[in-house]
Structures are given as C-alpha cells and as structure tokens.
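Quick one: the structure is below, and I'll ask about it shortly.
Which chain is which? They are A, B, C and D, in the order written, and residues in each are numbered from 1.
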Amino acid sequence: MSIANLSIEICGIRFRNPILTASGTFGYGEEFNQIIDLSKLGGIVTKSITKHPRPGHPPPRTHETAAGMLNAIGLANVGVDKFIEEKIPFLKTLDTRIIVNVAGFSIEEYTYTVERLNDTDGIDMLEINISCPNVGADGLEFSSSVRRASELTTALKKISRYPLIIKLSPNVTSIAEIARAAEEGGADCLSLINTLVGMGVNHWTFKPILTNITGGLSGPAIKPVALAKVWQVYNAVKIPLIGIGGIMNHFDVAEFMIVGASLVQFGTANFINPDCTVKAAEGLTDYLKQTGISDISELIGKLGGNHEIQGKNFPACQGT
Amino acid sequence: MIFNPGVRVVEKKQLLPDLFHLKFEGESLASRAVPANFVQIKVSKGLDPIFRRPMSIHYADGKTFEMVFRTVGRGTHILSQAEIDQEFDCIGPLGNSFKLPEDGERAVMVAGGVGFPPLYFFSRFLVEKHNFPKENILFLLGMKTVSEKPMADDLLKLDIPLEFSTDDGSFGFHGFVTDLFEAHYAKKLRHEKIRIYSCGPNAMMRRLGQIALSFKVPCQLSLEGAMPCGVGTCLGCAVKMRGRNDYYRVCQEGPVFDAEEVEL
Amino acid sequence: MSIANLSIEICGIRFRNPILTASGTFGYGEEFNQIIDLSKLGGIVTKSITKHPRPGHPPPRTHETAAGMLNAIGLANVGVDKFIEEKIPFLKTLDTRIIVNVAGFSIEEYTYTVERLNDTDGIDMLEINISCPNVGADGLEFSSSVRRASELTTALKKISRYPLIIKLSPNVTSIAEIARAAEEGGADCLSLINTLVGMGVNHWTFKPILTNITGGLSGPAIKPVALAKVWQVYNAVKIPLIGIGGIMNHFDVAEFMIVGASLVQFGTANFINPDCTVKAAEGLTDYLKQTGISDISELIGKLGGNHEIQGKNFPACQGT
Amino acid sequence: MIFNPGVRVVEKKQLLPDLFHLKFEGESLASRAVPANFVQIKVSKGLDPIFRRPMSIHYADGKTFEMVFRTVGRGTHILSQAEIDQEFDCIGPLGNSFKLPEDGERAVMVAGGVGFPPLYFFSRFLVEKHNFPKENILFLLGMKTVSEKPMADDLLKLDIPLEFSTDDGSFGFHGFVTDLFEAHYAKKLRHEKIRIYSCGPNAMMRRLGQIALSFKVPCQLSLEGAMPCGVGTCLGCAVKMRGRNDYYRVCQEGPVFDAEEVEL
C-alpha cells in the first residue's frame, strides 16, 4: 500500500497534515524551531497579537491542575507593529503554514490589526480570538453574544485579505448559535475550543492562585468537552472546523476529525512533550495504515462509522 | 537547547529526610551543561502530575549530570522514589548562565537552602575550568537548623572558603544568610571588589538584591518559580522588569538576572 | 485547644460537617452503609428520583477520561413510589441528613414527585436537578433559561414542605443569572455544579463511546471550573451554596468553602476511594487546627484572606 | 464486602508476553473470597488512570489471593509492572458466586481465554471444599493459538478433564470453544445432566448462552465490562435484563447471571 495522504485543504489552502500548534502555546515559532523540525507540521498559529504591545498579567499566571492547567497570561504580546517587523521575517523562512491569531478589545482594535496584517506577506490565514473580556452593550463579550460575534466577523471579513478563522469560546449556553452567527458573518472557518473559565485557590493563604483570580483551563482534562463542542458545531455549520482542546497524540487528532474537524491544534501538550506534534504526525501515518484509510480527509465527520450520526437536539443531555 | 528523551539514574543518595541527590547518565545533555542551567524533568509517565519540574544542574561532567532537590510536593516526592537504572525524560540544558567575575573580583556565593546547586556547580566551574583561585571565592550557605548540615557535604569537599548561617543559631552564624553577608560586608568585603551570585528563596533574593543595589555591588540572582514549559513559549514564568511595565521569562532570559534588572 | 467545630447550619438545618455525597454517586446509601460509617457524614444526597421509574440509557454509560469520567446513566431510578416504599425506611435509620434529589421532564412531573415526598417523613431537604433535557418554549432547558429556572423554582417552592436546593448546570453563558432567577423564585439554597457536557469517540470504530453520544464530565478534571462557578454565584446571590465538582479530599472542601460554599458534595471521588468522605471529615479537623480556625464556618467566602475579594465583572476573562 | 487499603505482592509470574499472574497477601480479603468474586484494584497512586480495575480472583486461600490478567491497556500494563512487596489498594471481595451443581450434574466449565480465573477457582472450590468428583468436571478452554498454552499451567495441575480449542487449530480442537462445547454436547453431554459455567469475551458468552438456552441446559455466565465503582452506586456496569426494559448491575447483582436472565 502506498503511503497515506495526510494533507488537508481548507479555504483553498493546503496543509501538509492536519496538525497545527495552538495560539499562546508556541510563541512565534522561534523557540520550537530549535527543538523540532517545524516543516513536519501542518502549520503554526501565533500567540494572539493586539494593536498595542501588552505586558500581560502579573504572575502567578499559571497553575497546574488535574490533567490540565489554568492560565491567565493576559494576552501578553509584542503588538502588531513589532510583530510585523521582528517576527514575520522569521516566520516567512519556515516551510509551514502561518496563521496569525488576532485579539482586541473593540471592533476598531481588531480592524486596525487586521489592516496592518493585510499589508504583510507570509501569512496564510488569520485566527480571530473573540474570547477577550470586551463587555458590549448587551453585557456580553464577542464570544458569548450572537449579535456581537456576527458584528465583529462581518466587519473583519469586509477588510481581511486573508481567510478568517473565528476562534470560539466554550463558555456559552449554545456554541452552535455563536458558530452560526460567525458563519453568517462570513467566517471562512471556525476553530474551537478556547479555554474553559476556571480558578484555583490556595487553601493555606485563602488567596486565589492566579493574580487575575480566574483563568482558562486547558489540557487533557477538557478533551471530552472539546469533542462535544466540535460535534455540536459540525452539525450546525457548513464551513470547515479546527478542533482544539486537550489533544496529546495522533489518536486524539483522529477523534477530533471524526467528530468533524478538518484540522486540529495542539496547545498544552507542547509544554508536556515538546515533540508531541511531530510524533503525532508520524503516528497518523501508522494509524491510517492500520485503519486502511488512504486519505486522512476520509475521517472528517465520520462519527458512527458507516452509520453517520446526525446532530441530535442540543443542548445535549448529560443524562445523569 | 536540546530535547533528550532518556536519561538514566546511576547514583542516588538521600542527604536528609527531605533532600535527595541523583546522578544521571545522559551525554548529550551533560556535555553541554553550564552553571545555572536547568532541566525540565518528567517525574512520572502518566498525566499526574502533568507538568515537568525544573531542576538546576548541580554538577555535570561530559557524561553525567547531577541534581539535588528537596521534596516539597507531589512531583519532587515521586522523583525521590527514583531507582537506579530508571529512565527519565528530560529536556535540557535550559537557561542562561552566570557572568564570570572580572579580574580581581571576589566571587561571593550566597545560597539559601537548596538554592545551592547552581552555585556549587559555578564554584567548581570557576576553579576547574577557569583556574579561579579557591581563596577568591566566599561561599555562604543559609540553613534552617544544624540538622540540615548534610546538605553541605559536596560543598565541604570543594575546599573553598565556606560559612554557614542557621535561622535558629544552632550552627554557624545566627540569622539569615543575608545577615551573614551583611556582617561580612561590614567587616571586610566592603573594602574589596566583589561580585555576588545568589540562589535561594524569593524573599531572600529580594533582600539580597536590595542590599547589593544599596551597596552598588554587582549581583546576579538565579531565580526559581513555576515553569509550565521551560522553553519560553507559555509566558508563565514571568518576572517583573525593574522600572518597566513588562516581564522577562525566567526560563528564557534567565534563570540568572542582574539584581537591578528585576523586581522580585 | 478544644476540637474545632465542623458543623454548619443552613436553612435552619444543622449538618454534622460540610461533607455530603453527590446525587448519582452514592445510590440510596445502602451499598456504602456496608463500607463506611455513614454517621460520619454531614449528609447523603440520593440518586435523582423521577415520577416514574426509569431504566436508564443502554450501556456503555460511562467512560474514563483524563482525571475524570463521562456518564450518561439516563436518570435510572426506581421512581418516587418505590423510593418512598423501599428506600425511605432504610434512609430513616441513618444518623445523618437526608437530601432527596428530584428530577423531571416537566413542571408537572417535578410537582408530582415533590408532593409525594411531602407526605413522607425522614427527609431534610430536597435538591432539584434542573439539568434534564426538557426543551421548553424558548428552546432551552430549565437549567439554561432564566425564565424556566424561575418558573420551576416558584412552582416547587409553593408546594414543598422541605427547604429547596436548586442544582445548577455549568453549561451556560452566565450561571450567575440562573442563580439569581432561582433565588428570586424562592430557592433556599443552590448547589453547583452538575456535570459538563462532553463526549468520547472510539478512534478504531469511529463510534461514540457512550450510547447516548454525549454525557456529563465529572471528577478532578472539572474542579477548576466548579470553583470559578461557585465563586461567581457567591458574588451574585445571598442564599447558601453547596459546592460540587471534582472534590477528592479535605483541602478541596476548604477551597470550595473559601470561594463561598457552605457545604460540599463528593461525587466521582466515591468511586475512586469509597472512604474519601470519611477521610476528608477527619482531615478537616487537622486542617482547622493547622490554620488556627475554631469554627469551620469561618472559611465560607473568605477568598483573599483578610482582604475579601469581591466579584469582578463576569463572565470572567480567561486572560490568555 | 470489605474495604481493604493494603494488599502486598508476594509472587509474580509472567506466563505469556501479555499474561501475568500475581499473588497478594491480604487476609481480610483472601479469607472471604469465593469463586467469581472480584476485586477493584487501584493500579497507580495518582489520578492516571483514575478508576480502579476489576479483576477476578483466580484463587484464594485464607491468607493470600491470586489474579491472572492480560495486559490490554494502560491499567493492566501498569499492574504488570508490580514488584514483589509493592502494596496495592484493593476493594473486595466483591460480587456474587456460582450456583453449585445439583446432585448428579456434570459441571462443564467453558472458558474463553483469560476468562478462566473464576472457573479455575470454582473447579478447585468444588473439588477441595465440596468433594466434588474431579471426573464430573469438564473444563474447556479456548485460546487463539498454541503459543498461549502456558495460560493453562495452573489448570493442568488440577488434574481434571481438560480440553482445548484454538482458533487456528494449532493445538486441540480447531475452532471456537463454543464449537468445542457443541461437539461434546452432540457426542455425549446431551445424554447427561449438565450445568454450564462460563467466563470469557462477551461474544463468546452470548453465543454460549444461546446454545444453552436452545438445549435447555442451565448455564451461568460470569460477565465482564467496565466498572467505575464496583460497589453498585454508579450504575455504569449495566447489563440488559432479558425480556424487560431494565438493567442489572454486573458488580452488584452479578458478575454471575443465569444465561436466561440477561441479554448480552
């Protein structure tokens, strides 16, 4: 049997394999370039970039939890100007897809950053992090208000030179609704999930462990939640999805693709095993051989095997 | 920086009820290590605990490297149960190193408890690789109490000027190691060109940094703190830049910083 | 120093200590009566009781995940009639508080069950599980609609002989809103969290692992999420709270109390260490001694130590 | 049922690359165990994996008990690395037992692979505690292939009528152990009063149950399956009641059921 095809095309862009790195867990690629062969990856997603540089929250910013971690980095980043000047030249030298993650605290801020990136080559797609705490007129953030998610997507789609990925937050009653709003706003792709809101407490000092009090939970602990959300969204929209949440190895990649993801991102796993992405790419080849699949895209949305399972009514019953 | 999936325990000593010394075989790692470098070690095979643990390199020759650690929580407890021939997955060597003393400078090592490994390695490094005169080193080690003395076994063998302080006065100078430093400074060191190197609890290094700054003595601190990744990408190990609203990454720009660069 | 006081009073009922068992993880108390001394517990919460007996979902009903588990038991229970006839007599013999958990698929069903329980002695409180998949006029379940949560609470409060605990679901955009709705509807107490919606996939067969496809995630994996939700709700309501989610030991109990819980429930932990609750009760005594606290109620809501931290605006920033 | 926090490994044998035999000291547990009972063993100290694993008791005397298991996943893999003197946290004995054969009945044990432990224990139990004549037992063990023969080491020592089947015909009868049973039934057993006891993969027990029902032969099945709690409270180990829209708990009402009670 010839070697299975691991490449995936979405939004007219072909990725060597479905394995990307998640925003905020891979810097701007520089550090990992010394540890692994980045040309083995489907692509890299940068740390969130904002209009202005941000120092981030005071430490402690992270906390280890059962099979996961909390982080409240506070969107620390160099700002879009320095990013274009100092980071893009390096990223351009890499033989992998580059997705720039953009964050902001108002539509104007997002627009500014996207327009600056329009003038820059060497980018394949933009991922829009809509989980920042911008509380709009309806008292909700972009990520938890249908109206605001749609407004933001529409505004950015109008101006963006690059295909737009909207990154969804799991901290909502119905992620499918937000997904549809983004799709209708013109999103080319959705990625999910961002972290779950969580916190830690020091039982000796009674203090919150994170200076920011709450943070985002990531890692294997959240994988079951992420799988459910990807499946819910897969049943709600037609645009391609990128699965994120607790992915550690090639089996996890397959599971996210089976519930509907076209690509995936490895986040926290990079901290545990810096070579997890490269190993997973190797593992996928074996896995396809073992399952007799010649093209990895055959996995996408195949939940139920030959009997495809269509979306049952959501929000889903926990069924306790 | 390298990624090294397998290092093997070749020696194990228990120095105190809560203090262990491990020696590992792992050439690619050991051959590149310099003082203040650290490794990120995975203490268990599974997901519990999920993160690696940062550990200073206590000493490294071409083939083996050592660590000395205190059991403070689950991770170090698991590591303390390591057995001879057990293999560990270790990333390293990571981090920067100390600046060498300039000509004529005395190197004053100020160690708080189990902060001594980078300073032990640095002392040997100065003597063995740089022919730095032993008598131009002054090593101050602070401990809680006399029963912790076995902590200094390796240090004593170095045959360098070495003094102790204990919090309870049961051995050596009575007081904190920063007080011992101040006493020495008042007595003698203030008349010399010195350079301070330190590693220990945050509070101790904060105090020492203040003292050094006020005396205008060059002082390098090797910082500790939680390190989710150790390779510069999570931004979890932030330490405040002095006088600026920004942060360094301890794992990447450090672990060694000049006292005037950081706010502890 | 004299032995610290572990007892807590809420809704006029005194509990020996803050440690309860969570619904669905302790049956009706019978099995554990042979393993641990139930009089060491603050109380027992029964498996959810419904109007009619329910067999539950076809297996597989559970799935082990990283530091957690998924379950889709399907509210299997003997039904309220058999419960009163066969289980209450046993529960009455126990020297601990008895909280009966009630579930239903319509206000009428809940009402029926609560009225049947009104005729029964030997109960201290009722806990209302509002996370069942009853999709109302606004397309949402009781647990995710402010209006429906309030309707249900108001209806049950009117008739219930026993103090009412409303058990909140974490699968919502704003748990504080639902909490306030329940409080305004007359709830005497709130318990949280129920499980997070999640799923598992078999990467060899492409089939969902649970027959019900999705299930509820519980265990240590969700503790950070549960702590954040309890703290959010503590800042939103005045009635007492019962903290639930990944609690394994006495330190976890303390952490939940510090963020605002008056009592706690142990769920999944019972499966891992059947004596976890008894051990935690012992551990709490030591813990209070070590922290110099003489009355455990001093822990409640003490986040920040002497500097109490008041609720920042929610939904909280993950702060990535 | 009892809760037993510490049992200690006193013997370990590796029978096959993926088959292990452990003997534990743990009197309070061992002294109460009867055939088909199982334990819930915590294979690691931490949360990975989080659940205990159910394991049949292969044999128990007053002081020790044994288990034989195949490494199929993470939990059993960790357990296979158990060392002599290592302590494990074990709950048990749990579950019900087999019904004794009635007078004049032949006890036919039908084991699929590593399903043999409860039947091995039961065979010894019949012979040792009930003076059941050895020749009135017929033990059929199905394996994949001849190389799995070491699995039967203990069984061979029992000196009871024992026959083998292999899926590939490399040893004993060529076919499934259910086929072997049918061949025996056609030849001889159908003229006798027999009672079937079985443990093995679900598919095999489903088939055997169908055969037994069609022949109207009493048949008891010891079921396996995921068991989050093992003590009857999670309702995770559900098995369908035959002909009713309800479920038994394998851990509480079982693991042994009459073939006509359950739908596999």
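Quick notes
The definition used in the following text is that a contact is a pair of C-beta atoms (placed from the backbone, for glycine too) under 8 Å apart; a residue touches a chain by one contact, two chains touch by 3 or more.
Being a predicted model, the structure only gives us computed values, none of them experimental.
In terms of C-beta pairs in contact, the better-connected of the chain pairs C-D and A-D is C-D. Chain centres here are Cα means. That of subunit C falls 37 Å from that of subunit D. The distance from the centre of subunit B to the centre of subunit D, each centre being the mean of the chain's C-alpha atoms, comes to 55 Å. Computed from the mean C-alpha positions, the centre of subunit A lies at a distance of 47 Å from the centre of subunit D.
For the pair subunit A and subunit C, the distance between C-alpha centroids works out to 32 Å. Shared interface positions of subunit A, i.e. residues touching 2 or more other chains, are given as 24, 63, 65-68, 71, 73, 219-220. In subunit B, the residues that touch at least two other chains are 47-49. Contact topology of the protein chains: fully connected, every pair of chains touching.
By the touch rule above, subunit B contacts subunit D in their complex via residues 44, 46-49, 74. The residues of subunit C lying in touch with subunit A in their complex are 23-24, 48, 57, 63, 65-68, 70-75, 129, 131-133, 135, 140-141, 144, 169, 171-173, 194-201, 203-208, 210, 212-217, 219-225, 227-228, 231, 246, 251, 254-255, 258-259, 287, 291, 299, 302-305, 309, 312-313, 315-320. Put simply, subunit C touches subunit D in their complex at residues 24-27, 31-32, 34-36, 47, 55-56, 58-69, 71, 73, 76, 219-220, 268, 270-275. Here subunit B touches subunit A in the complex through residues 1-3, 42, 47-52, 89, 91, 225-226, 228-240, 245-247, 252, going by the rule given at the top.
Across the complex, subunit B meets subunit C through its residues 47-48.
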